[in-house]
C-alpha cells in the first residue's frame, strides 16, 4: 500500500469516528444500484449488467448439455466462475483465476446453490444427460464490493435466462424453449468493519481501510456466509450483520423482481 | 459449408444491407472509472469494451526498454459472447489477434516518449458477431486517445470479403461462416497507410483489388465516427468545466 | 440428497454422539524433524499434519513488505485421503480454504515483528472426514506455537450445523453430505473474537443463533485440548533438559 | 537489441539505399531452397526438411482417427502446430507455444486450409469418425523467414504423406493404404520492407532491420495474407507484394512438384 | 550450498576416510526402519507409513476403474506419482512435480512394475474395463534416502490393499472384495559414494556430501537400477553395490512380510 | 507381451544382427548455424540432433552459482518421431532422461571454468527406435566438443539387454518392446568410469554381469566413431583454412 492509500485510510477512519462515510452515505446505505438485464441479448442465454455506484459487473449465462454428477444423477449442474478482467483494476493481471476471483465465484455460487434458486431437478434431459448452467462473472470496473455486485448480477441474469431448444440430441442455437426455472432470489449483502464500525457496501477506498468483512446471502433463510480479510468480529457485530443482511436483501430483491 | 445458406438475395444481404454498407455502429469513450482510458463500441451485434492502463512501470525489470514503452495488447472473448460457451483463458486465435493489434497500434502511439514503461491495452469482446478484431482495434485506439496518450493519428479498421461470389464490406457472422473470404484491414487514415492486414479464403488478383478498396472505404467511415465520438467527449468535458 | 439417510435416530447421531458432543480428538506437536514447527491431529476419522517454516526470506523481493511478514497458508488434500482419488494439485476449494485460514491466523501471529519475511504454514490432510478446515486451522495454530513464533493467542476451530432438522456440533462426513447446513467457526478464545466464519445451507435467524453457539462451545473445548498438548510438550522438553 | 545489431541494421539499411542486399541477392531472389522429402522415413506418415539458406525447418505429418467438428460432420480435420525448438536460436526457450510460433502455425495453416489443399471431404471413415491430419512444424535453425520455410516444408510433407491402414476400427501402424489426397500446392511468400524497399525472403539480419513484413500464400488465387511487425505499408507496396508472391509462388511450386 | 553445508561435507568426508559415518552406523547399516501399515485406514484402499530414521514417507493406494492400454487390453494399470510436500523440506515448493519427484516415482514404479509384483492380469473386469491402481507417494519429512523409504512404503501399502467391491458397473465405496493380488516384494536399495567409499542408506547430510548414488531394486532378480547424481562409478563399485542390494533387500523383505 | 513375437531365430536377431553387434551408426558435427555447437547422429532408425548454447549468462540471477556453470539438458521427442503422435511438451520420461543426461555430462564438462553461467544442451529426437537416450547423450557430447567447451573426455553410450533369453547389445524397437530387459550405460572411455546407468526388467546376478559387459563394449565402439567424426571435422576445417 502506498502513501496515498495510507492517508486515505486515515481520513476514512477519522471520518467514521464522527459517524460519517467518505461519500456521505449512511452506514446502512448501498450505493446506487442499476441493473440492466439482457445486456448480451443475442448470444448469451441470460445476462445482466449490475452497477453498484461505479462498480460494474457483467454476468452471462451459457447453457450446455453434459453428464450429471454420479451422486445426483437426476439433477442439472451449475458451474460458477469469476474473472477479474485486467481492465477493471490496475491490480488485476491476465492469468488463471487467483484466490480473489475464486472466493467471489464460490460465495456467489453458495448463495444460489444452497437456496435452491435454480431448480436443478427440472434440468434432466434423459438418461445420464442434464443441462449444465454456466454462470460467468465478468468484473469490468472494480470500485469496491465485488461480491454483492456479482451476486446481484448473477441472480438477475438467471431470472432472464432462456432454455435453448434441444432436439434429436442436439442444441439448436438461437432458438429457445421457455425460461430457466428459478424458485427464489438469494441476495448477498456485505458489511465491512472499519474502526469498530459496521457499515454496508464498502466502496474501494473503504475496502482498503477495512479490518474485515462479512458477507451473508439470504432468501427467507440464511444460505451462505463468508468472513473475509484479516481482522476479527465480535458476536454482536456478527448478529447485527445478519439482521442487516435480511433487511437489505429484501430491499434489493424488490429492485430485481 | 455443409448446409447451403443463401447469403445474397435480390442484390441484398441477409440483413438487408447493400454490398458497400457497413453495419450500425455506436461509440462511447470514458465508460470506465478505474482505467486510464476506455471506450465501448456496439457494431452490429458486436459489443466490445476497451480499457487502457499506463504508461506504468514495467515488471520484471529485464523486460524494460530504455528507448521506448512496451505496448501490450490483450484481446479476450467473454465465455458468454458466443453461441457455444468459450472456455476462459487465451486460445491461439486470441494470441494472434493480440499480437497483430499491438503491432498495428505501435505505428501510431508515441512509445519513444515513455522509456522503461508499459502501456496495457485490454479489449473485452462481450458479444461477438464477426469482425471483432476490427471493432477491438477501433475501440482500443479510442481508449488510448481517452487516456491522453500521444498518438500520431487514430487507427481505424474494417473488414471486407467475398460472399456468394460478391465482394461486400463488413461481414456479419453468417457471411463470415459461410462466405468465401474475409479480409480485415486497419489504416492510419491521414497517411492512408496500412497497419493491419490479414486475409483468408480465395480471391483472384482482381477480386483482391476490389475487396481491399471496400475495406478501406469502410475504415474511413469508421474514422469519421471516431472523430465525432472524441469531439463529443471533449465538448462534454468542456461543458462540465464551464459548470464550475 | 437423492438417497435418504436417517441421520438422527432416537435422539442420537449415526456414531452415537449427542447433539452437542464433538468427536474424539488427539493432538501431538513436534512430529516432524525438518519443519520449524509441526503438529498432528486425529479428529474423528480426520488425520491432519501441519508444518511451519519461517520466518524466512521472501522471494521474489517485490513481494516483501517492510512493515510485516507475509503469512502464507497451503491446505492440501492427499490423493488417498478421500474415497474417490483426488488429483494432485490445488483445486478451487483448497485455494479458498488456504485463503480464509491465512486470514484467520494473521489475527494472532505477530507478523509485524518479522518485516520482509514469509511464514509458511502447510496443512496436509492425510484422511478426510468432514471438518478438515477446522482441524487444519487448529493444527496450524499448534505448529506455529511449536515453531516458537510469537502469537497473541491460539486459534481454535469447530463446526456446527443442521442435520435432520436438529442443530448439532462437529459434523462427520455423512452429516455433512446429507445434512442441511454446515458452519465452520474459528475464534481467538481469550478475546472471544471470530477470525473464521463460513456457512452454507439453510438456517433461520433463530437457528443461526443456536448453531453459532454450539460451534463456539466446540471451539472452546478444542482450545482446552490445544493448551494441554502444548503443556505436555513443554514438560516433555523440560524433562529432556533435566536429563543432561 | 544490442549494439552489434544496431550497427548491422545501419549497415543493411545503407546498402539497401544503394539497392544492394547484405548477402548480394537481388530484391526478388530467394536464398537457395533445398527440400528433402521423407526425412522421417520410418515413423512419420509424411515429412519434409526444407532449407532456406541456413534456415532449417522440418515438418512431420502424423495421422490419427478422431471425431469430426460438429459443423462439418463429413470432413476430416487438420491441426497445425509449430515449435521453435530452443536449439534453433539463442532467443528461443523451452515452454508452451508463444505468439511467434502461434503466428507461424496459423499462417501456414490458413494457406493450406483455405486453398483446400487437403481434400478433407475424402477423409471420412465412418459415422462420427474421420482422419485427423497433424502438421507439426519443427524449427531447427532460425536464420530468417521461418514462415516461408515452414509453409514449403509443410506442403512438401503433405505431398509425400501415406495414409495408415485402418482395419476393424484400428490403425495398423507401419502399414499403408494409399496417399493423402492433395489437390493443390499453396506457397507462402514473405516480403520485407526495409528503408522503404520491398524485398523477398529476408534473412535473419534483414529481419532485425526490417520495418514490417507481409506474407501472401497463393495457389491460382490468394489464400492467406498476414502483415507482421510494427511498421506501415502503402497501397502500392501491398499490390506489388501480391504480384511478386504470385510470381515466386509459381517458381517454388515447380521446385516441389 | 551454504557455508554450514560445506563444513559438514568436509566433516563427513574426513570421518569416512577413517571409516566412520556421521551417525555412527556401519557402511552397510540402514537407519531404523519402522513400517506402520494401514495408516489411512478408513479412506485409502491400502496405505503404509515408512520411517527411515527421521525420513517419513506415506504411501496411499487408490483404486478406480478405467480403460486398459491398447497394447495390453487384458491387463490392469498401475500409475505411480510422488509429491515432495513442502512441509517435508525447506527446499520444496508447492507446484507440479519437478525432476526430483518424477525420478522417485519412476524408480519406485520400475521396481514394482518390472518384478511383476502387482498381478495386473488378474485386474481385468470386463471388456475394455480394468482396475487402475494408483500408488501415491507422499513425502512428509525429508531426512535422506527418499527412494528407499518410498519403495518400502509402496510395496508395504500394496500388500495391505483391499479391492473395492464392484457391482452393476459401479464401485461401492467403503465395501471390499478381497485383497489386491501381489506376487513378490521388490525392495530398492540405495548406495552412496562419498570420498570413494560405498555406503548404504545415506542420511540427508551424507546426501549433500555424496558424489553419486546407485539404486538397485531386487526380488530374486534385479528389476531396476538407477544411477543418480553427478559423479562416476567404477565397475567394482557397481558390482559391490549389486551384491549389497541383494543382501539388504532380503533383510528388509523379512521386516515387511 | 500379449502378442508373442519371435525375436531370435537361428541365432540371429530380427534385423540379422549378431548378439554383440551394434546397429549402423553415422555421425556428423557442425550441422547447425545458430547453435554454438551441434551434432547429428543416425543410429539404426534413430535420428537425433543435438545443439549447444553457452556458456552464457544465467537468468534469473539467484540461480547463478559463483563456483561453476549450470549444465542444463533438454531431451525432446518430436511429435512425428514415433508411431502414435506424441503431444508436444515434456512428459515424465523426458524429464527423467534430461536429468540423468545432465548428470552424466557434468562429470566431463569443466563447469568450474565458467562461474555464474549456463551451458544449455538440447537433444531433439526426430525419429525414435529404442535407445534414444544413448544416442542423445552421444550426440550431446559431440555437440559440446563442437562448441569448443573444455571437457576431460567424451561421453559414450550404448545399451544392452535380454531378448528371448539371450543377452544382446543395442536393442532396436521390437526388442525393447517385447524383450525382458534394457540396460542403458554411458562411460568416460579413457577412465572406464560409469556416468549413466539405468536398467529395468529381470536379470540374475550373472546375467547382469554379461549385459553390463556387452553394453560397455558397445559404448567403446561408439567412442571410436566419435573420435573419427571429430578428427574428420578438424581436418575439414583445417583444409578450409589452407584454402585461403
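Note that the chains are named A, B, C, D, E and F in the order they appear, and that numbering of residues resets to 1 at the start of each chain.
The definition used in the following text is that a residue touches a chain if its C-beta (ideal position, glycine included) is under 8 Å from a C-beta of that chain, and two chains touch if they have at least 3 such contacts.
Since this is a predicted model, take the numbers as computed values, not measurements.
*Asks:* Which other chains touch subunit A while also touching subunit E?
*Replies:* C
*Asks:* Moving only to chains each one touches, count the minimum steps from subunit A until you reach subunit D.
*Replies:* 2
*Asks:* Which of these pairs, B-D, D-F or E-F, matches C-E in more than half of the residue pairs in contact?
*Replies:* That would be D-F, since it shares over half of the contact pairs of C-E.
*Asks:* Considering only mean CA positions as chain centres, point out the chain farthest from subunit B.
*Replies:* E
*Asks:* On a CA-centroid basis, which chain has its centre farthest from subunit D's?
*Replies:* In terms of C-alpha centroids, the chain at the greatest distance from subunit D is C.
*Asks:* Could you grab the centroid distance between subunit A and subunit C? Build each centroid from C-alpha atoms only and quote it in angstrom.
*Replies:* The mean C-alpha positions of subunit A and subunit C differ by 27 Å.
*Asks:* Just how far, in Å, is the C-alpha centre of subunit C from the one of subunit B?
*Replies:* Measuring from centre to centre gives 51 Å for this pair.
*Asks:* How many angstrom between the C-alpha centroids of subunit B and subunit A?
*Replies:* That pair's centroid distance is 31 Å.
*Asks:* Could you give the separation in Å between the centres of subunit C and subunit D, each centre being the mean of its C-alpha atoms?
*Replies:* Taking the mean C-alpha position of each chain, the two centres sit 57 Å apart.
*Asks:* For subunit F, give me the residues that contact two or more of the other chains.
*Replies:* Residues of subunit F never touch two or more of the other chains.
*Asks:* So which stretches of subunit E touch two or more other chains?
*Replies:* Expected reply: 97.
*Asks:* By the document's touch definition, which label belongs to this structure's chain graph: line, ring, star, complete, or other?
*Replies:* Per interface graph, the chains form a ring.
*Asks:* Which order do the chains take around the ring when read from subunit C towards subunit E?
*Replies:* C, E, F, D, B, A
*Asks:* Of all residues in subunit D, which touch subunit F in the complex?
*Replies:* 39-45, 47, 54, 56, 58, 60-62, 64, 81, 83, 85-90, 94, 96-97, 134, 136, 138, 140-143, 173-174
*Asks:* Quick one: in the complex, what on subunit C touches subunit E?
*Replies:* It is residues 32-35, 38, 45, 47, 49-51, 53, 56, 74, 76, 78-85, 88-90, 120, 122, 124, 126-129 of subunit C that touch subunit E.
*Asks:* In the complex formed with subunit A, which residues of subunit C make contact?
*Replies:* 1-2, 92-93, 95-96, 98-100, 103, 106-107, 183, 188, 191-205, 208-209, 212
*Asks:* Quick one: which bits of subunit D touch subunit B in the complex? Just the residue numbers, please.
*Replies:* By the definition above, subunit D touches subunit B via 71-75, 97, 99, 102-103, 105-106, 110, 113-115, 212, 214, 220-235, 238-239, 242-243, 246.
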